[in-house]
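Quick one: this structure, given as structure tokens, is what I'll be asking you about.
In order of appearance the chains are A, B and C, and numbering begins at 1 in each one.
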Amino acid sequence: MVLRQGDDVLARLEALMLEKDIPSASIQGMGFAGLVRFGFFDFERSDFQPRDFADMEITGLVGTLAWKKGKPAIHAHATASGRDFQAFGGHLLALTVGRGSFEVTITVHDRRLQRQHDESIGANILLLPDMD
Amino acid sequence: MVLRQGDDVLARLEALMLEKDIPSASIQGMGFAGLVRFGFFDFERSDFQPRDFADMEITGLVGTLAWKKGKPAIHAHATASGRDFQAFGGHLLALTVGRGSFEVTITVHDRRLQRQHDESIGANILLLPDMD
Amino acid sequence: MVLRQGDDVLARLEALMLEKDIPSASIQGMGFAGLVRFGFFDFERSDFQPRDFADMEITGLVGTLAWKKGKPAIHAHATASGRDFQAFGGHLLALTVGRGSFEVTITVHDRRLQRQHDESIGANILLLPDMD
């Protein structure tokens, strides 16, 4: 999947999951971000503390595509660096492609995987068929 | 593979290699680390200089699973970032899952691959069938 | 693919693409870099601002292999960290393996993919068959 300037990476991945009915997948990607929003999970508040970075090279995006209550549920983390090459990273909350492009490789799996909210830890967990 | 709080990622991967008799594999992963220990190889001492980081998002883990003298031999590197999103990384010496979960995608290869200690460089090297 | 000290990673990948006639591929890698050159694209000058780093662990390399005018065209980004574990990253311009080794996993795709220079953004773009 090759995305262009202005594309919303997470929205485009969700649309692709719906269009192709992807049961689950692992993804990797890299490219230029006009805006990337990272979050660090705050378990006290049960929410992500966000921070935005503009005009960054995404040096590595890793994630999984699954479903939650019939809707696409993407979980991705990424590392990014700017003009001074210093790297930042975190849980990916938003990513808009910058000038240039963004390439994502999607490895589709056969089994439909679900995420479920786990009350004990206050986060969504990916469920695998052989998990206890 | 989805791991939960307190799981030792490398030990769980080794157990899986033994249980499923995985000939070799490439892995990628991401998730929340309660503790991650990175090492930087010191060729003078032929050992890793370690450093521990607590409560970090692993923004990308990349590695290979192979065998050495009949035992699982994992080689993985990772990048991680904390509450301030600043990224650190290195050779992965240890990784315990933190509150939340840790997802690893394992791409299994057909050929059984071995690592061998190379005296000339003082490090373990992955051997491929077509290497000279 | 396992590379050794002194190997030029991009040149070795290009040679492999020609030798095996790889239509296209996604790659991931990690290992020890004697020298890594990152670039940050400067759209004013339509060129990369380079910076060299010596003796770094590459904690994650992500890329795609495609063709441009009959020649191998590699696009890769990477994250790296040195002795103090601080991470840097960017578009990969050059990478020479350091003492130790460098492992690259190549996932070959069936379709021959091309890159094309896009005048509007001043950069090479990977073309997929179903792109509009």
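In this text, a contact is a pair of C-beta atoms (placed from the backbone, for glycine too) under 8 Å apart; a residue touches a chain by one contact, two chains touch by 3 or more.
Protein names from UniProt, one per chain: A, B, C = DNA-binding protein.
Just so it is clear, the structure is predicted and the values come from calculations on it, not from any experiment.
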Legend entry - Rotational angle, Cα trace of chain A fitted to chain B, multiple of 5°: 120
Legend entry - Interface numbering overlap (same over half, different under half) for chain B and chain C: different
Legend entry - Distance between the centres, which are taken as Cα means, of chain C and chain B, whole angstrom: 22
Legend entry - Multi-partner residues of chain C (at least 2 other chains): 28, 60-61, 79, 86-87, 89, 107
Legend entry - Residue numbers on chain B that touch chain A, as the complex places them: 1-2, 4-5, 28-32, 57-61, 79-83, 85-87, 89, 99-101, 103, 105, 107
Legend entry - Residues of chain A defined as touching chain B within the complex: 26, 28, 38, 40-41, 43, 49, 51, 60-64, 75-79, 86-91, 107, 121, 123, 125-128, 131
